[in-house]
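Naming follows writing order (A, B, C, D, E, F, G, H, I and J), and every chain is counted from residue 1.
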Amino acid sequence: MKREELTEKILDIKREKGWSWKQITDEIGGMSEVLVIGALLGQMKLVKPLAEKAAALFGLSESEKRMLNEVPYRGTGTPMPPTDPLIYRFYEMVMVNGPAWKALIEEEFGDGIMSAIDFNIAFEREPNPKGDRVRITMSGKFLPYKYYGNEQGIPDYGFKEE
Amino acid sequence: MKREELTEKILDIKREKGWSWKQITDEIGGMSEVLVIGALLGQMKLVKPLAEKAAALFGLSESEKRMLNEVPYRGTGTPMPPTDPLIYRFYEMVMVNGPAWKALIEEEFGDGIMSAIDFNIAFEREPNPKGDRVRITMSGKFLPYKYYGNEQGIPDYGFKEE
Amino acid sequence: MKREELTEKILDIKREKGWSWKQITDEIGGMSEVLVIGALLGQMKLVKPLAEKAAALFGLSESEKRMLNEVPYRGTGTPMPPTDPLIYRFYEMVMVNGPAWKALIEEEFGDGIMSAIDFNIAFEREPNPKGDRVRITMSGKFLPYKYYGNEQGIPDYGFKEE
Amino acid sequence: MKREELTEKILDIKREKGWSWKQITDEIGGMSEVLVIGALLGQMKLVKPLAEKAAALFGLSESEKRMLNEVPYRGTGTPMPPTDPLIYRFYEMVMVNGPAWKALIEEEFGDGIMSAIDFNIAFEREPNPKGDRVRITMSGKFLPYKYYGNEQGIPDYGFKEE
Amino acid sequence: MKREELTEKILDIKREKGWSWKQITDEIGGMSEVLVIGALLGQMKLVKPLAEKAAALFGLSESEKRMLNEVPYRGTGTPMPPTDPLIYRFYEMVMVNGPAWKALIEEEFGDGIMSAIDFNIAFEREPNPKGDRVRITMSGKFLPYKYYGNEQGIPDYGFKEE
Amino acid sequence: MKREELTEKILDIKREKGWSWKQITDEIGGMSEVLVIGALLGQMKLVKPLAEKAAALFGLSESEKRMLNEVPYRGTGTPMPPTDPLIYRFYEMVMVNGPAWKALIEEEFGDGIMSAIDFNIAFEREPNPKGDRVRITMSGKFLPYKYYGNEQGIPDYGFKEE
Amino acid sequence: MKREELTEKILDIKREKGWSWKQITDEIGGMSEVLVIGALLGQMKLVKPLAEKAAALFGLSESEKRMLNEVPYRGTGTPMPPTDPLIYRFYEMVMVNGPAWKALIEEEFGDGIMSAIDFNIAFEREPNPKGDRVRITMSGKFLPYKYYGNEQGIPDYGFKEE
Amino acid sequence: MKREELTEKILDIKREKGWSWKQITDEIGGMSEVLVIGALLGQMKLVKPLAEKAAALFGLSESEKRMLNEVPYRGTGTPMPPTDPLIYRFYEMVMVNGPAWKALIEEEFGDGIMSAIDFNIAFEREPNPKGDRVRITMSGKFLPYKYYGNEQGIPDYGFKEE
Amino acid sequence: MKREELTEKILDIKREKGWSWKQITDEIGGMSEVLVIGALLGQMKLVKPLAEKAAALFGLSESEKRMLNEVPYRGTGTPMPPTDPLIYRFYEMVMVNGPAWKALIEEEFGDGIMSAIDFNIAFEREPNPKGDRVRITMSGKFLPYKYYGNEQGIPDYGFKEE
Amino acid sequence: MKREELTEKILDIKREKGWSWKQITDEIGGMSEVLVIGALLGQMKLVKPLAEKAAALFGLSESEKRMLNEVPYRGTGTPMPPTDPLIYRFYEMVMVNGPAWKALIEEEFGDGIMSAIDFNIAFEREPNPKGDRVRITMSGKFLPYKYYGNEQGIPDYGFKEE
């Protein structure tokens, strides 16, 4: 059994039952809905109690439940550059704005990255008379490049230098 | 003269003067700093009054000023996948989380995309005892797929169906 | 069930019945034929009343009908660059004429894009003694780049500057 | 001298003089503005009388004038997939809608292609209270696949079969 | 049913029966053998009377016969660059000689292309004491680039200028 | 000095002098014009007496003349897939028709290839009331796969088996 | 049936029987073992008497035997660059040493190539106290570039010029 | 000035002076030699006191010194896959062993990654009678995937579950 | 049977039994756990006694056991660049640090590579109050480039020159 | 100075002087001509005494001489797949025959590779009445995969198992 097959099975059941993602994430709960949906789509791991709930909801076997609790090969199945317009727009934001984000973050925080691992994200509908907007709030831990082997009292993190 | 050459010249002056991006965007003002930096890095257009200010600040020629007011070939110069770790992390977020974002946005808004054009973004430092975080707030207009040729009273936008 | 499998099933039925696309789109109606065919080929969503009609026409199951009402992963199954000569010619038009289109649209409208989402297209046969022609009429909403953070009375859209 | 260098020179002069594309194409005239701009951007050939006018306008040398009259290596300088959002949207239209266009054209015309060579295109602004639109009208000669070697009275063109 | 599956079935029957391509194209007739073989390999359309004959020869179902009469997604299944040495040699000819062919054709015919659509090709064995040769004769219609919008008596085709 | 630089210099002189390729190949003579043009464009070697003539015609230095006599890195400078429409059409022919050509040649000649090295090509204008045609005649030596290590009287070449 | 499926079946039988390649090539004989193994792995054609022997050894059907006698689509199934370290090392030799090989062969033989078609290869173990070595002996026919259209007594082959 | 140009200048000076990397890193000190060399090769930032020392050693201008203190676009200039055999071997280790490393790390640590940012590495020569070995010791912080939105007492980190 | 199918079967059994990798490698023993896991994931060969043990543990057939003893096509199934974040971080280390590693190793050892074949690796958890770390120790034989054909007493290995 | 620039300079001098590679390698001597030419083309290192001789021959500066003594970034400048027909034929041999070579070498030697580092190669002209042949003799050290962590008397190398 491959993770893609489990994803396909879950989507088949969702479609057959006529469930929305909201119904599913309300049922499974316990964690941000982005992560739960990500796990059901084969991109995230569900911790045991949630895998338990998901298995009960979808009527999965013991093996399928354990597979939901495994860390998948993330990124599998999303062609890059994305062909889907909704996903492509995010890709374009990174490509066009990446250099400015790099300049801003490095000036504020020093040498490092914003983590894509210790990272959360929330989506909201932002009502707007000219057309509602998608509001996304992300927060990722800043991880400074460590400068090892430092023997002269130089701050050994990539943090902003005075 | 190519836009890359103007970008390189601007970075040379910034380095020589020892200016920070903050000093530069404070000076030019008028628009989100992400956009001003993006323009100086060759990814955005500066509207005329801002191009004027930038030209004054950097001592640019009339032609260079006009070039800042042109719409550049966006995306030039950013390899994809990004080799720079800071930019790559954003790319990875899109690749890994794209499918879940698509599911969430389409369920909430219907068929369409979040615009990468009518779109703004702000960065903030989020102090955190376990390590400060980068907080990003994005808001993009939802653009529904239009279903043209609709002759039967079917709502002709991609919005969420009841 | 994957969307490709549903597409293949629909094409099998069309072939078996000997239906033309015109017969199919006349039957389903309600929307531009480009969009209806696009949906049956797995690139567009059919809104509920049309998915209902398509399901009746092709004798689809409840699950298959719901799949037609889902937003697909657009772009799946079209290799780029296109290997098919008919599709490649359009690709070539974009590659060769893209820079001139960019110059013309930006000069007329300002900084922005022509939407590929709020966009319609019609095909016609244009009789011509030297050989009939394919006439294509497209119309897409112009979406100006928004310049956020504007605090100085500068028009905050990408529209043509005076 | 490479064609890119001539293009860069022409753009430098345009910028220095502060000319719009409209001023330039009005001056050179004689042909659709898309084609004239395409030639100045290095993607099309200018026929002799127009190359003459362009050379006079931009103050080009004899050699530069002759280069404008040469057929360039079309497609040079446009990365594919396009990184620029304006050009990418057209690319996306082809990728997402290509299969439906193929179905429609082949059903109406038979086996063949719409020419990308005997092809014209016009742009117009379509005023619209919800936001102006870009209206594009293209017309390309249909070129049927020829079926050679036909010895049995079968129509030897790819046209629609009865 | 996919076109690849039909191709595979046809090749299986050919192999089982021990037929040569010559026997097959003699039987189906009506058109150049390159085109008939191309159609059986999934790259060309067979017009109705020939699809009829092919179906009779291979014992195909009504649906399979209709599929042979459909325009396939040409180019599917041939990796580019070609890995097969026989096909690669043609690819290499294009890559190495393309620039010289372009120079020669444009000088003789003006701005345009040799059609890959209204195009025929014949293969012959050319006996030669140093080793027989493959003789290929191709003839493709020259398609001049049209220069639309011409208002000044300039010949509006890409033909050779005097 | 790189071969591309020599090619650029030769094209500059040709443009300045207003020479056609025909004038140049008539002057240099000695070999098929496709090969002479190929050499001047950096894809072929000119044998010494022809390099001598080319050097005299273009006023090249001793070193430049010797470079024309060197075997270049063939294929340099032609992007694949070709972006230029004229060259792309040949590429498309190979991609679409390659499988049929393979079937035909292998059935007639056995296992092997048509050489791209011992190979000649001629172009002609074929007058045609429906539009003149480009006629191309190619002839390449058939090179059978050798089956070495053959100890049992099996014909050790790839030729057609009886 | 695809050639890959036949290859997989042959490997399954080899594994089940516990045969070595040496046992298999001894049994089939008649040709270099590299070629026989190549054919069983789907990269070469087996001439009829050898296909006969291979079919007897592996218990293949008439159709499978004929497939072994067909020329396969060579190169199918070997990703390039090779991911397997053993095959990659050969790829690296070509990449790193290719320019020097080109210089040496062209200086010794003139303009041409070493054939990859009329080509044989043998492997041997070369005992060596510092670690045994793989000894490979290849011999390929030199194929000179032909210079057609030669009218002046210039040697019309690419051989070394005096 | 581009970072590549500064790198090239530094390498020119090193070559001219005949310095070894060891002499250079001893002189600059303060940090692991891998990082110092990485910075001089344009892949790392040198913190201010070290940039000061490097500038003194190489006789750099104020601007060049500041450039060494900037965070570069990491990854620029290293083709991937690497063509250089020394670097390729590391790439191959990742490709071949990546799946096993993933299994081992995830089983020991839970869901997360080993940081490539808070990461150090040391090289040593390991004398060995069969041939000296390169000994590499790396240590990277384990970064657990955070599971946000956790409302039910589930440990909100990706750490190993009991 | 393909190696991927065997890998999938082994993972299915592992999941069904609820075994950890540690339990499996303890059971099979005999070799570094990285190698045993690598073999079970289809990237390494298991020597006979270990294949025997693995077959007993997983209840494999004789053929499956032999397949574990075969050298697989290494690298199959790991997309490069890796999409999985855990594996990508190692890829990034190579891309960003490769040039510095090359400089350091070549200065210490001379011209050559660190073997990816005669190479071992160990993972350990390194407890750390700021977050545990993954400690990796690798050791690979240095393989000097051999300089053959040396006739003048020059050391014929790539070792460090005095 | 980049290595490519030094290579270009060396080729310019060789062309100006009219030297053959044989004259050059005879003069420099000391090592296989493939390696010396490789070094002059920027793919190999010249050990000091040979760099000395090369510098004397070409009149190089001290810095240029030292650059010849550096290990270059091998593989730079050879596009893969190779566009040059001579180099491509070797690439094709690897692609088509790689699987058979892998089978043969692994059966004879066990699990491992033939080194591309401790490797030599010689070219010879093999006179043949049907056309002279290029004879290549390569010999590379077999490097067995080491199986570390072996605690049970299993031979810890990848050598052929009995």
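Keep in mind that, in the parts below, a contact is a pair of C-beta atoms (placed from the backbone, for glycine too) under 8 Å apart; a residue touches a chain by one contact, two chains touch by 3 or more.
Chains and their UniProt names: A, B, C, D, E, F, G, H, I, J = Cyanate hydratase.
Just so it is clear, the model here is predicted, and its values are computed rather than measured.
Among the remaining chains, those touching subunit A as well as subunit I are B, H. Two chain pairs, F-G and B-H, are weighed by contacting C-beta pairs, with F-G ahead. Here subunit C and subunit D face each other with the same set of residues for the most part; over half of the interface numbers are shared between them.
The geometric centre of subunit C is 46 Å away from that of subunit H, both derived from CA atoms. With centres defined as mean CA coordinates, subunit H is found 26 Å away from subunit A.
With centres defined as mean CA coordinates, subunit J is found 21 Å away from subunit G. The residues of subunit J that reach two or more other chains are 33, 35, 71, 74-75, 78, 80-86, 92, 95-96, 102, 106, 112-113, 115-117, 119, 143, listed in rising order. Interchain contacts (touch definition given at top) occur between A-B, A-C, A-D, A-H, A-I, B-C, B-D, B-H, B-I, C-D, C-E, C-F, D-E, D-F, E-F, E-G, E-J, F-G, F-J, G-H, G-I, G-J, H-I, H-J, I-J. Across the interface of their complex, subunit I is touched by residues 8, 12, 15-16, 18, 79, 82-86 of subunit G.
Touching subunit A in their complex are the following residues of subunit H: 29-33, 35, 44-45, 47-50, 69, 71, 102, 106, 111-113, 115, 117-120, 143-152, 154-155, 158, 161. Here subunit C touches subunit D in the complex through residues 20-22, 33-35, 37-38, 41, 43, 74-75, 77-78, 80-82, 84-87, 89-109, 112-116, 119, 121, 123, 125-126, 128, 130-143, going by the rule given at the top.
Of all residues in subunit G, those touching subunit H in their complex are 81, 83, 85, 88, 92, 95-96.
For subunit J in complex with subunit H, the touching residues are 1-2, 62-63, 66-67, 70-71, 73-76, 78, 80, 116-117.
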